[in-house]
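Same chain, two partners: chain A is paired with chain B first, then with chain C.
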Partner chain A sequence: MNIVVCIKQVPDSAAKVMVENGQVTWGDAPLVMNPWDEYAVEAALLLQEEQGGDVTVLSVGGGDVDEALKIGLAMGCNNAILVTDPALERADSQATARVLAAAIQKIGDVQLVFCGKQAIDGDMGVTAAQTARVLGWPILSLASSIKMEEPLIRVERTVEEGRQVVEGNLPAVVSVVKDIAEPRYPSFMGIRKASRATIPVWTLEDLGLEAPTFHVSWPELNNPPVQEVTNEIITGDSPDDVANALADKILGEKVL
Partner chain B sequence: MDFNLTEEQMMVQNMVRDFAEKEITPIIKEYDRKQEMAPFVLPRMAELGILGICLPVKYGGQGMDYISLGLACEELEAVDSTLRVVMSVHMGLNSMGLIQWGTEDQKQRFLVPQARGDKIACFGLTEPGAGSDVAAMDSTARREGESYVINGEKMWISLATKAHNVLWIARTDPETNDPHDGLSAFLVELDREGISRGDIHGKLGVRAGSTGWIACQDVRVPLENRIGEEGEGFKIAMSCLDNGRYTVAAGATGLIRACLDESVSYAQERNAFGREIGKFQLVQQKIAHMVQSYDAARLMYLQAGWMKNQGIRNSRQTSLAKWFATDASFEAASQAVQIHGAYGYSDEYNVERYLRNSKGAVIYEGTSEIHQLIQAGYALGYRQDAPLRKELPTYDEQAWREN
Partner chain C sequence: MSNKVLVYIDHFHGEVLPISWESLGVGRKLADELGGDVAVVIGGQDVKDAANQAFHYGADQVYYADDSSLVDYRPEPFASLVSQIAREDAPDVLLFPTTTRGRELAGMCAIDLNSGVLPDVTALEVQDGKLTATRPVYAGKLIATVVCDSTPQIITTRGRAFDKPELDASRTGEPTQVDAPLPADDIQTQVIEYSEEEGGVSLNDAAVIVSGGRGVSSNPNLTPPEDLDEKGAEIWRAQQGFKLVGDLATVLGAAVGASRAAVDAGYIPYDQQVGQTGRVVSPDLYIACGISGAIQHLAGMRTSKVIVAINKDPDAPIFKLARYGVVGDLFQILPPLTEAFRSRLDK
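On to the complex of A and B.
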């Protein structure tokens, strides 16, 4: 069973993300593998331990995505591929999905594609479904556990109303949620391998694709409104006095 | 001169940081209060390979360099000193001593299981009546045919009750002119008959660690367990300390960083006199000192680690790094408590634990006073490093990674 995990490199979740002059910045905070994608890597590695085959981490992005891909290798993935092209700068999710799908086809003999449920930067949450659509494969989204019953894949989905079990045919695309399993740390052996690895870089030309047209753009980006916070300590002679004063204050401020 | 870490070293740093923050941060206060070591710590560090980080793959290690060991220690102590203590005794004071002084047979028998983390190792030098004055030790090893009979007690031994092996220094010759020359080193398996051991409670700090005593009463060990030659015990102990002190220096650097990070974050959220306390110059001064200490301590331990990688004798640099970083970590922790005010005095925040933990490292592996004597000794020309019969092997990436 050959598996591809699609990952994205994003600013560290601890970074202070700001908008300056209409551009998003995160200062000098490091770029990391999208945390949701770490769960996808873990799901793929667990399935590989059970079923064998190769796991390839795949990413579309700038040249510096190397780092996130190397984390994938250090966690235990067999191969990594980077697709980068100047024409993909500011690509929307649809264009990204087309590129991912073409790369998955070029890798060849892939039975399963894993994605995180969304990326913590764009928060669109649609790339997995769009990639499945381009490939013409079923999408099993928000999977919290996976079971192979070839040629079927059965996943459990956690939804607000409860749990669903969904089956699909292989090949398929699966997006995963946190419940799947805690992502492993890179191993020292993996780190040694990853640090020596040269990651193949594919361009649009290598994939036989034209420069895509983007249908979604971000004409306006704003920081969240600044909240004015003031502190006031309410005192009184007895707990009742304090409670009454607090209740009056809350009602007065129309909080309730 | 290249101050960059390699990609590999950065990945090691992140991996160890993730482990410490995800798995230890949530439980550390509970175990610190209980004065117990969390039972999963050693097996987990073994499973992740941390216990064999800088040892060659062919001896069961992970094939990383000595700088990676330092980086790991910095990350571990940024969460809790007890994690770094594990590396100091298991790796620095014992396993690195074996790789430097052990025979091939001893490496196969003792180092391989230690590097894999199947066996935990500790170091027995200090005694109830002998700390800085090593040569005053009472422990003896008497040769009887093809074995030695060991008697004596070691105290303040980290991992005393958790370890399987101890590197034990004892007097084999009471007649030497210089008492240092009468000492020898032994690798003693702690399941041998005649050994008793226990934990010490009521310590100021490193409460989530294991510190104890080990007593040997007529413990018989075979000749093949003697590390180095008879009379080399003091030299072996000192070269173990060159490695242990390196891990202590790197760890204390992590402790300074933890103090700095928590002080910065608290100074930005706590208000007094109508503004955040970070705006006050006296708070800024404390933070500036922490920044200064962190950068200096880090440069010093990385230099010592680089020298180890290159196979250059680093006793002076390691001693300097250890002295500076531990003194600076105690000061940083004290000032971090001060910045946190009354909150810093309670274990609601981490800084009081940092302060308690930091005091130990100013005492063990050479007190700050001993390190000052060492530094002055070098400067005045009273002290020189004579070449050793066996040096710590130079890091060789290829050799380290051969199976």
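On to the complex of A and C.
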């Protein structure tokens, strides 16, 4: 059972992200593996422990995505691959999905692809479904638990109305949510191994792809409008007084 | 007139999600501005009622596929259905509601139709016949203006960001039945079972949310059962705290939310998490109980209309966003607050 985990490198979720002089900045916050993707790595490693095979972490991005891929290696993934190409700067989700799909085909003999639910920078949440569509493989999205029942995969999905159990044929693409399992910390040995690893870099030419046409452009990125809030602290002689005063204030806002 | 806009109507076993009508409302407006008609597409089994309803909410034409292979939502046959209609109708704009289903279908149709997708849009503007969309990124820490340069321009609309159109029962029409494009045997997935969530209001379309944070576990006056270990006792305490949060939510008809700290500590399931790695919400009223306000939580709820914070720590960052704050113990404030609403709202 060979598994590929698609990951993205993003600023840490605690970062104060803002636009300064037209540039996105996040202070001195570290670049990390997209938190959702850590769950995908964990799901892959758990399945590997049960089924054997190789786990490969795969990312499309600038040359500095090494850090997130090395976290994947340190967690226990066998291989890491970076696809980078000047023609992919400002790639949209479709271009990214086509590149991921081509890389998965090139890796070869892959039965499962794991993705996180979405990346916390662009908040697109479509890469897993788009990659599956390009590959022509079924997508089992938002999985909260996974079980192999060869030749099928069975997942429990979390959707608006409740939980749904779905079976799919392999090969398949699975996106996972947080319920799947707590991601493991990289081991000391893993970190040492990862720090010495040389990560193979593939270009569009290596994948046999032409420079893609992008369908989405981002003319502007701004800080959100400043919210003017008048803070009012409610006080009173007893909790009952405070509660009554607060209830009246809230009802006065006419939002109930 | 030609169909300028096609809207996917999301439903669960025939019951249309209100956010779908919001998307149709957007579609109606865009079609009027672009000088064309708005069509909708619905797939499922026994969905003719839903198909007829779409006329009441502004559709000019309704396509529906009624097939046993569509009885449960599955991505492949539904994406093929929408893409097939979109190929035939060639709309300028293809809209979906931002639901788990709508978002993944939008992505898949973008591949089928070789166009771009703009998920979770909060505002739309027509400029020279083309759309300019606003979408929050970094969970709302930044606001992006985005444009889809190909057609159809594929967009998913965020819930509660657009008005739901008025139902007009005098607006009717004859829906057009279409075939399900994928033969049942070609579908690679199978739905085995379903367990619906028990009661509760969904965070996604809640007008009011009451959330709890780490503070819900800190009631010193409670004695946990003796057979629990330290972690078990902490979770037991938190459950008592969340019961108070839940009581207030019930009286207000609200959904229950939680901070990442509360979810990570195992107090409440992950489905409930509000924030950058949970759900981004924007209700009319958000009551934060025992939540200090980490930046990643604030990103997920900062656009709520009225924010109320109850916290013991007067320096908690949540107070900066709060219209009303109470510096105090949630265990003392929540029970009388629930009572106060119960008597005032006559429940």
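The criterion applied here is as follows: the second predicted complex is superposed on the first by the 225 of 256 C-alpha atoms of A that agree within 3 Å, B and C clash if a C-alpha of one lies under 4 Å from a C-alpha of the other, contacts with A are read in each partner's own complex, and residues count from 1 in each chain.
The rule is simple: contacts are C-beta pairs under 8 Å (C-beta built on N, C-alpha and C of every residue); 3 or more make two chains touch, one makes a residue touch a chain.
Just so we're clear, the structure is a prediction, and the values are computed from it rather than from any experiment.
In the superposition on chain A, A:Arg163 makes contact with chain C only, not with chain B.
When both complexes are overlaid on chain A, the residue A:Asn78 reaches neither chain B nor chain C. Contact with chain C, but none with chain B, is seen for A:Met18 once the two complexes are overlaid on the shared chain.
In the superposed model, C is the one of chain B and chain C that contacts more residues of chain A.
By the document's definition of touching, of the two partners only chain C reaches A:Val229; chain B does not. Common to the chain B and chain C contact sets on chain A are residues 231.
Residue ranges of chain A in contact with chain C, taken from their complex: 11, 13-19, 24, 35-36, 92-94, 97, 120-130, 132-134, 137-142, 154, 158-169, 172, 177-179, 214-225, 227, 229-234, 239-240, 242-244, 246-251, 253, 255-256.
Across the complex, chain C meets chain A through its residues 12, 17, 72, 74-76, 79, 99-101, 103-108, 110-112, 114-120, 132, 135-150, 188-197, 202, 204, 207-208, 252, 263, 269-271, 273, 276-277, 280, 284-285, 294-296, 302-303, 305-308, 319-328, 332-333, 336-337, 339-341, 344-345.
Touching chain B in their complex are the following residues of chain A: 67, 70-71, 74, 185-189, 191-192, 194-195, 231. Of all residues in chain B, only 6-8, 11-12, 14-15, 18-19, 48-49, 53, 62-64, 271, 401 touch chain A in the complex they form.
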